[in-house]
Amino acid sequence: MEIIYSSKPLLAVMTSVFVIPILLSCRNSNIRETWTFIAGFIKLLIIVSMLPVVLAGKQPAITIYEVLPGLALQFRVDAFGLLFAIVASFLWIITSAYSIGYMRGLKEHSQTRYFCFFALSLSATIGVAFSGNLLTMYLFYEMLSFSTYPLVTHHQDREARSSGRMYLVYILGPSIGFVLPAMLISYHMSGTLEFAVQGFLPDQGNYTGLLVLLLLFIFGFAKAGIMPFHSWLPAAMVAPTPVSALLHAVAVVKVGVFCVARVMTGVFGTKLLASFELNTVICWIASITVITSSLIALSQDGLKRRLAFSTIGQLSYIVLGIALLSRSGMEGGMLHIAMHAFGKITLFFCAGAIFVATGVKNISEMKGIGKRMPITMAAFFIGSLSVIGLPPCGGFISKWLLLMGTVQAGQYVMLAVLLTSSLLSGAYFLPIVYNAFFCKPGNNTFQGGIQEAPAWCVVPLSVTAMFSILLFFYPQPFLQLSRVAVDSFLGGP
Amino acid sequence: MKLIGMISIFWLFIVLVYGTSDFSAWGDPESPCNLHVSNYYIEHAMSDTSVPNIVTAILADYRGFDTMFETAVIFSAGIACFFLLRRPKYDAPEAVVFRHIQTGITLRIEKGGRLPKESDEFERIDTQWVPYDLVIQVTSRILVPFIQLFALYVVAHGHHSPGGGFQGGVIFGAAIILFAVSNTLRKTTHRVSEKRSAVLCAIGVLIYAGTGVCCLLAGGNFLDYSALSGLLGVDPVTARSHGIMMVEMGVGLAVTMVMIWIYYNLSSAGKQHEGL
Amino acid sequence: MIWQVEFIILFLVIICGIAALWVKDLLSAAILFGAYSFMMCILWAVMGAVDVAFTEASVGAGVSTIFFVAAVFRTSRRTKD
Amino acid sequence: MDDMIAIILSKYNYWTVITLMMIGLYAMIVKNNLIKKIIGMNIFQTSIILFYVSMGMKKDATIPILEHHPGMQEHVYHAADYINPLPHVLMLTAIVVSVATLGVALSLALKVYDQYGTLEEDEINAKIRKASVKS
Amino acid sequence: MTEHYSVLLIIMPFLSGLLISIFGWYDQKKCYAIAILCLFLSIIISISLLLAVMQNGEPVQYRIGGWAPPWGIAYHVDYLNGIVLVVISLTSFLNLAGARKVIEKEFSDRIGAFYTLYILFTTGLLGMVVTGDAFNLYVLLEITSLTGYALIGFGVNRAPLSALNYLLMGTIGASFYLLGVGYLYMGTGSLNMADIAHLLPAIYHSRTVMFAFLLILCGLFVKMALFPLHGWLPNAYSDAPSISSGLIAPLTTKVMVYVMIRMVLTVFTPAFSFSFAALNSTMVWVAVIGILSGSMLALFQTRLKRMITYVIVTEIGYMVGGFWLGTRDGMTGAILHIVNDAMMTLCLFLSITLISYKIKGDRFSDFRGIFRKMPVTMTAFVVAALSIIGVPPTCGFFSKWYLISGGIAAGHYGFIAALLFSSLVNAVLFFRVIEIGYFEPFSDHGANSGHVPEVRMDEAPVSMLMPLMITAAMLIVLGIFSGDIVTRAIQFAIPASII
């Protein structure tokens, strides 16, 4: 593993300085949003430019400052982090476009604040993805929590307030109560917090101690939405839809999952996990979440809430995949970060577009909506396919790899879990699509021809939908990245 | 509350009495506290400072820094009383009482009324007025100068006998307070106005600190009076003695004025137009 | 330094202290406190601490008492305890 | 028995100090009237001064003013002849501090009286409670 | 002149305080200028003192009056108090820098007296920190206390009563300290801290030393408002004028913690305090109870200032507990937290000063819509709140890091749990306020548009905002550079015997 010095990771995180021009141009919304796009493209360019280097097996790294003796603010880009960063930063641009349509369409207040905090949370996400040690990761994790708070509570009404409270309690409580002590305990055990390929925790240790530590980490990163620390996600759906789309389908939740995965690989290391069979514990926890959340999703009527519960389940796929510790399982888990992101963001975009165009939020009111918004609902269909894991969508590849992984690891119960959950997700998505196209609307709401949401909304969701399909045929960059990552985690090809 | 207080106090008493068990006996010349540092003072005070009163020597020289801040404490007490109590000047009293001296008639003038000039005919009196007692007035009038003289003696003779700036200052202040008690507060503030007392007490402390700064400028450490020997034209030991004198005067001035100032504010609850 | 004398004074000090806290008239309390200070001052003089005794005589028995009297004069004289 | 008397004789001064201290502390904790509390505070402070002064006491020694007259320059002073002066110095400072504290305490008490018209703590608390209920 | 810096640091503000009191009677306009100038100079001097200590690697000594210790009073600046000196002068300066208008509004007819008290208070604190003499410390402690009582007593509501209570409690505390010093003097015959430390080991077994230790600690605990003895603090700090509490709240308690550390480490030395007296675990448990109850009590408050005073009580528990863990990390955390907590509290109180400049009342309900009205102030407030909660990269996180790490090293899990619990409670406390300021008055966010009733932006003047912004920025800067602070200064402040 060759480490090369590069300031690119820092630059990628620092693109949040564009907050300043965004703030300054608060009077003119066009200029403001231009700045957002500029920031997004710069960020994406910087991140993508690291792709060849990382694929060649090198790791760009930069140490910024030693905040505590022996503990630095440190960025190190490996394949796993880069995969996540590419997804997040690419989708940011699309979401920005969508945000414009959505926010203007609804004439939301405080749009400048919205765009500022959006930029900040993206930087925090990239920071988490690139962080080279646990401390840096924790720092950006907390930064993300606080910079998304104003986004979640954007409406500033009673509902937003109670949801915001729930959000903070669920995110902040475990992160201070569990992660912080866990981090310190592991620091005391090993004297370092820097992620290592095979984990930095010493090989020896007693089972109970390690198990407690692992559980503290896994539940502490509550953004991963592992039950019982999942309730914040449905609550956070009061946020404007672009926020739900990017943050609660991509950035925030994936940050949680990413942190959990990082802890499993970089802190504990696959060998340690395997030798104590700690991974089975995680598998069980994840599988319980997968099944339960899918069941809950079935009973939800609010579209966004149903999506939220679906997200909870899908997040646990990723955790499950990595906890399998088999080659395909880990590849599939990592790939699922990307695949699920494209699929789920499409679904959220559609939900938002429906809301903008018709003001409808509940699934039961959407019968026959396909006649009015055919493009949106077609995209919705593609997104659902991807999330369920059916070809010709990207989700199929990752799910296939996950299934392979269970077989490789010999965990047939998990195979069953995954299959059941796929069936369940089919059960809660496909009826929506069916009803939208083939049911007659109960009243006359959706008559009167095609009437889509504004172009700023429709174009992004079509783009993501197309990408979902595209990734089925061309998953190379992500697949390669995940292979490189898994190679290093499992030690050799 | 009383019972709880009593019980806890009782326990504290027992504990503290237990704590005395390792004390060296009372009056024991061999106890550690009488052996270490203090012996140096007794043996060297004369040769170091040529001040026979060891307490004064330590107070103003060896531990002169403590004393400077002691003066600062009393100064800040004066400022604090003023800060807390003083009513602004425009906060005029509700009614002012005058007495026609010849007839003994009392005039009560409500707020806003026209006030007679203070003269032989009219005299302003306190609202709670007690007729003057001639014996007290005359006695105190006679006593005051003697007390003041004694105070000056105490300040000046602090090198050789008990006393010093602090005691002298308090006695001087007490003399003026005696005047204020036996006469009226207004008469006193006429003689030593509040502003004057405030400024003078700051100047008193400044004399102390300034002496120290002079030592600093003369090349010594802060409050190292021996550095003043060149300035005063005497040998370093005598310079220390002179330095102590200067400092004592500063303390005396500051303490006098602070005592008066605090008394002004306390006795009139900050109004200062009528007092005890 | 006759210890009997000192003993008596110590006793008086305690008595004065308790009395100053006992009486229900604050003016008396102030005066008793002055007496307490003066007893204390004698005690210290007996112990050879002349400077301290001098200071206590002028401060404790003198100025402090006056301050107390002034304060009592400006507030109320009676108290319940 | 002789031991007992010896102990008493060597410690009674300190015990008096503690007694006074407790009297003062009791007044500060239990007394209801603010002026009484302040008197208690002063008793408390003087007891500590007494403690220091007793500490510096030496049997068969004189007051800490050196014997001196012209022509005595070469005289050597013996520490055992004079009472320990250091505690006296410290206590001069402490007395000053106590009178300064007294001044500030009394002016605060005057301010309290101005505000509530009483110096009894229970009455003041009752008034505060009434005011807070009203608002 | 450099060798005189340690004494100049005290003398210069002292002289300026006196000058101000004279100018107060003639030309009140000059008071502010003198005060701010002398505080600025004291920052420079204290920083250069710290740098001198860091360069030479050994303490700066100064003999006042030219007398060698233990006969004279000596000043002694080492790593530990070098840091605290900088904190004091900086806090005092920042609190005063922008407050001119507030002071003129609040103390219109006694400006001179106010500035004098302010400067004397700072002088007392600086002196307490710099001195190497146990009795000198008492005198300076009294200066600080007296000026503090006056500054608090001039406040609103029941401020005089609170100040009187504070005075009574403070006098008990100071007297206990004095008594303890007396016991020490009785045992050793010396008042100089280094000398006492030198003489003590011969009489460790003596009950006198043990009682001296206990009495001094008791006195200091009253003064620093450790939990069961905290009764005076909430009233006194919350009723004080906001400018005074901005000075007193960040500094007094922290300096008392410093004095405790100084006493325990320098005078009694760890050999006595941690091995012979062996109070470690008791003290940590006391601190734990303090932290827990402070947090719980803070939850019941409905006024911002009062709530923050209870947070201060909690923070005292952090420092005392961290220190008495007796591990290197714990002590580092305690000392670092002196610095950080002073800055955090300052930031909070500065923002309260600004808020009270524009808004009447400090009940939570008075803060409706304040994010719209005063966005800059509230940003600083949020930064301070995050720091108190302990969110990286603000400085509060890093001291908490060390404290918890010390707890792990000592195996004291009760302390860790208390710390984490109080962090969570702090989050609740501050977000309760932030929620009110951010959400209320509620808008009706319907399907089409939501418009909060228009609240105009109405910030305090820039001159007042600047110090606040600087303080808020300091919180983050201190956090990022906390590693440097620890490796360059704090680790030398802790005796090598502690691991």
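Residue numbering begins at 1 within each chain, and the chains themselves are lettered A, B, C, D and E in the order written.
What we mean here is this: contacts are C-beta pairs under 8 Å (C-beta built on N, C-alpha and C of every residue); 3 or more make two chains touch, one makes a residue touch a chain.
Please read these numbers as outputs of a predicted model, since none were measured by experiment.
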| item | value |
| --- | --- |
| For chain A and chain B, chains touching each | E |
| Least step count from chain A to chain D, where 1 means the two chains touch | 2 |
| Distance-maximising chain from chain D - centres being C-alpha averages | A |
| Identifier of the chain whose CA centre is least distant from the whole-structure CA centre | E |
| Remotest chain, chain C as reference, centres from CA atoms | A |
| Comparison of C-D and D-E by number of C-beta pairs in contact, larger one | C-D |
| Inter-chain centre distance, chain A versus chain E - centres from mean C-alpha coordinates, in Å | 43 |
| Averaged-CA centre spacing for the pair chain E and chain B, given as whole angstrom | 32 |
| Intercentroid distance (Cα basis), chain C paired with chain B, Å | 19 |
| Mean-CA-position distance for chain C and chain A (Å) | 78 |
| Multi-chain contact residues (two or more partners), chain C | 50-51, 55, 59, 63, 67, 70-71, 74 |
| Multi-chain contact residues (two or more partners), chain B | 16, 23, 31, 33-35, 37-38, 41, 53, 55, 63, 66, 70, 73, 76-77, 80, 84, 162, 166, 262, 266, 269 |
| Shared-contact residues (touching 2 or more other chains) in chain A | none |
| Chain pairs in mutual contact under the definition given at the outset | A-E, B-C, B-D, B-E, C-D, D-E |
| Chain A-touching residues of chain E, taken from the complex the two chains share | 386, 389-393, 398, 400-401, 404-405, 408-409, 416, 420, 423-424, 427, 431, 435, 438-439, 442-445, 447-452, 479-484, 486-487 |
| Parts of chain A lying in touch with chain E, wherever the complex brings them together | 65-69, 71, 73, 106-109, 135, 138-139, 142-143, 146, 150, 153, 155-161, 164-165, 168, 172-173, 176-177, 180-181, 184-185, 187-188, 359 |
| Residue ranges of chain B touching chain E (in the complex, touch as defined) | 16, 18-19, 21-24, 31-38, 40-41, 61-66, 69-70, 72-73, 75-77, 79-80, 82-84, 86, 88-89, 195, 198-199, 202-203, 205-206, 209, 212-213, 216, 220-227 |
| Sites on chain C touched by chain B in the complex | 50-51, 53-55, 58-59, 62-63, 66-67, 69-71, 73-74 |
| Touch list for chain D against partner chain B, complex | 9-15, 18-19, 21-22, 25-26, 29-30, 54-61, 63-68, 75-82, 84-90, 92-93, 96-97, 99-101, 103-104, 106-108, 110-111, 114 |
